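One structure, pasted below without further comment.
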């Protein structure tokens, strides 16, 4: 089987129909001018022509903002637990139209959440999900994946990767799972020509050049510069601006901190244990008994996120944990720009 | 020797109210409706504020009828700025108002009034004997809330109505859901309404002037001339020539009279007395089957009128939603320019006629604000009713004079927090 | 076991928060099964009792009489909960920079001056349920936790955090003066989700950065309202924690 | 780890012992297994269903296989619930988590243990281990500081331990019955004579104690890899996922809670903050 096949846009709609029969499909949809990932039931809802990234990243489909871990029931002196993991297992899903940066973010989350310990909820959702990526034809002004080594080319982590070539898509097969999908729908695909593959390369080069118009350092190699400048003045400046709203964490495809609490029923006889997204920018994030807050100063919280991306990630999983999607920059009301911060640190 | 009967902090009404009745030589000499609620100076606080802030503040006048306060303030500001809405947006506005009416009437009739007739002091005490009814009523409340939330963004203190329209519009899906909800409301409300219509209220009549908006084939909530029964009509902007206020040292609220000093009544009863022929088919049939007739001169019939309105406005909501689904609104908000201006809006709050009046400067800052609430308008009438009703009761020598008098107060569905905004600048 | 005794009281307010409690519908019936409601004027409940386990007080203190009543409630109650913005902050966040003391008013009923004070100006408040109006589910959570002997803690985040989870476009980007960045969350960002700016009804967030918001407004050409300067003076614009 | 690591095993509180007015030791028997295999210094996550979950150092002896114990100070929701539940209560247990004291490495050496307040809890299993293997260790000194005499935990054990190791106490504030030393725990260090080259110092206590004790130990000539402490951070999962306990590139729950000073000294974010 070749690594590259093509499918016309018309046939892609047919493919979508078929996928909808076999999978729960998550795809980009547009509503009121905004693009977001959502479960879809109708090919007409799917929008594969969007620019840049979605506001919220795909992580929410693997690590949802609110997740019930288990429920419990207390009767007399007895407690019974009901694992919610069972409900997560076995769902067959297809995630369509995710960008190379987001594909990379899933690979990063895999390294973090499926290691010595395994987060079973995340792992189960990952297992059951087919990843169909979509390269960028048009990055937006916040994209800088070329500097984080995570785009515009995706080097792996997908089952299929589509590239828009006008009236058709070039599809790269990235895994056995992806290949099976193609084989099952051979009537819709045909082998790609050399020209078509070249066309994609040209396109990606153009996109990369566009992103590289920004002048940024190679962000995969900023560890030393960061390590040296932990106490630099500029962190105070960012700290003064930061609103501690946590939007940057919520939209970051690799942020995965969470809080856990119990939610009892009204009579207390049953309830659930829930985990929700948390943010290292919240004051309460490091509060321990006695009221001590370890990162009570805002600059230290701003640093926590940025250092986690460019330094601690390297300590933790051997690579930086920023994929250059630019979401955190887009949503920050205070205009804190992580690439600008990195650049300034390198130039110190 | 004079004896003073004071009903203190009357329960199951919105806000703090005392009713003091002075009895001299077996005859009622005086009745005072004393609003105790802390005055909230709202009109003063509005001065100098940007017109955009007004609706948020105005809705905080009252937690029960917040929806209509918001809509009325927005309409008054629109008059001031010369903004005219397309019909669909007006329909949506009416829907917000209807949601508020349904919420409020359910609360009043079943949480506040019903216990009186069942000889109980609170709705919780009704629970053991009437659980299915209470559950049904709670469900109706939930539906009314949901309708308000769909259009207004939140069930209490809605957020979407703004000058020029709405900040956002409900999707088709949501409108469909609202329609289903309105239909469910209409079905479910039938039995509880019958219950109210069948209750035996104390017998008491006193003719007064009934003031409400008057409609052509409808019971208008947001527009129309103001009808004063037996004395014709006036236009909203002329309100100051037709009603006037008096300040009473005993009350935190202003009390209103007609220009000749006579008292008048506003509310559901006034609306139906002036618009009876416009009741929806369903409501009219129900009225007929219980031989409820309008005009009625018994203040206790205000509750019956409210019950009929539950049916009427549910049916009206269905009509509106059908129309909106047929031709949905295009834009959520129309453009306008901020300039100097003055505007008055007169609407029907659940408790009756509501007036918001603003003047804006060239930058859109408020330079004058005047709000006339239904309860404030009703105080004088309530006092007059109380005088006569207590006189009757004394003659009959009834034992539960206080309870009966409280029932009279409750029939008015007073909303004291709304009314207590008294202030006078030095 | 005896059911905890609960009283619900109103100082001066619009009673919208109590309406929100009533709006809990079926859940309120369930709630009432686990407690004994002994005092609530709005619902017509008035039983005789000495001590209260939980007093829920709505509204701001506006008169000597209310002050007296509040102190009495406090004396009698184990736990006192301030319900809604009026009780938590005297409704001042809503009224913004309005200077109550400076209003020359001629008040009826022998009142000398105007005031709208938060409960904790006079008595110790154990728990605060923020918002104008409060969020019903928030109240339900407090109620459950109190019954279980848990400490209720308000949301640790501000409105923006919830706003972004609703997939909203930020209003500041459209030049709308949203107070979400400095306002305590927990309302589900209802206002921005409906396209309306947050007016800060839940009060200042625990770690509100007023300075930065002023800077943001200025940078985006949004006129900085007087009350933000006022707030800056009060909290120093900076960190609290 | 088998199965779902977020799902606790159920355990019964079979015994509680009041230590101080706000501290008690809870003996837990885990359904099916009784106790746990663990290294002293490791911790477990204990659930009070409806109230939440919190980390506690295992305070019982590692040689004991039929139960585990935790010593808990009542400060918040979970801890209060444990106190209210008392004997017979059913809780959840996950773990053990983290890295405990490096016992093999410490064998043949002197031990200088320093505990502050409830921080003595993770030292108790170590002490029991040392006493059971007394010949494998050199001189063993325990310095223990509590706020007041009433706040001293493990009163019985302290008496028993005295027979095997050198136990010295101090309290911040004494009372009429108190005959011993007063002052914070660092005052006890002044009288300690050990050879830092053949001694491991082992400490656990509030952040401020660790900060000052570490400074003092360095002055005394302890090298950074002979200064060991157990750190406290907020933690929700115990597995390095929830992020709360992160310091620099390390997770206290997974890479700690026991650290050598040398391991955290190089971290960008200071691990020892006052």
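Letters are used for the chains, namely A, B, C and D, taken in the order the chains are written, and counting of residues starts over at 1 for each.
Just so it is clear, a residue touches a chain if its C-beta (ideal position, glycine included) is under 8 Å from a C-beta of that chain, and two chains touch if they have at least 3 such contacts.
Keep in mind the model is a prediction, meaning the values are calculated, not measured.
Common neighbours of chain B and chain D under the contact definition above: C. By the touching criterion, once chain C is set aside and every other chain stays in place, the chains split into these groups: A, D | B.
Chain pair with the highest count of contacting C-beta pairs: B-C.
One inter-chain figure worth recording: chain A and chain D are separated by 38 Å, centre to centre, where each centre is the mean of the chain's CA atoms.
Rounded to whole angstrom, the centroid-to-centroid distance between chain B and chain C, based on C-alpha atoms, equals 26 Å.
In this assembly, the C-alpha centroid of chain A lies 51 Å from the C-alpha centroid of chain B. Listed for chain D are residues 50-51, 76, each touching two or more other chains.
Within chain C, the positions touching two or more other chains are listed as 148.
Annotation for chain B: no residues touch 2 or more other chains.
The touch graph of these protein chains has some other shape, matching none of line, ring, star or complete.
Inter-chain contacts occur between A-C, A-D, B-C, C-D.
Residues 34, 36, 55-56, 65, 240-247, 250-251, 264-268, 277, 279, 282-284, 293, 296-298, 331, 333-335 of chain A are the ones touching chain C in the complex. Chain D contributes residues 50-51, 76-77, 80-81, 84 to its touches with chain C in the complex.
Looking at the complex, you find that chain B touches chain C at residues 9, 11-12, 14-16, 34, 36-41, 44-45, 53, 56-57, 60-64, 66, 107, 111-112, 115, 121-124, 127, 134-135, 138-139, 141-142, 145, 153-157, 159-160, 162, 166-168, 247-252, 332, 417-418, 420, 422-426. Within the complex, the chain C residues that touch chain D are 148-151. Interface residues of chain C, counted against chain B in their complex, comprise 10-20, 22-23, 25-26, 28-29, 32, 37, 40-46, 59-63, 65-66, 91, 94-95, 98, 100, 103-109, 114, 116, 132-133, 190-191, 193-196, 199.
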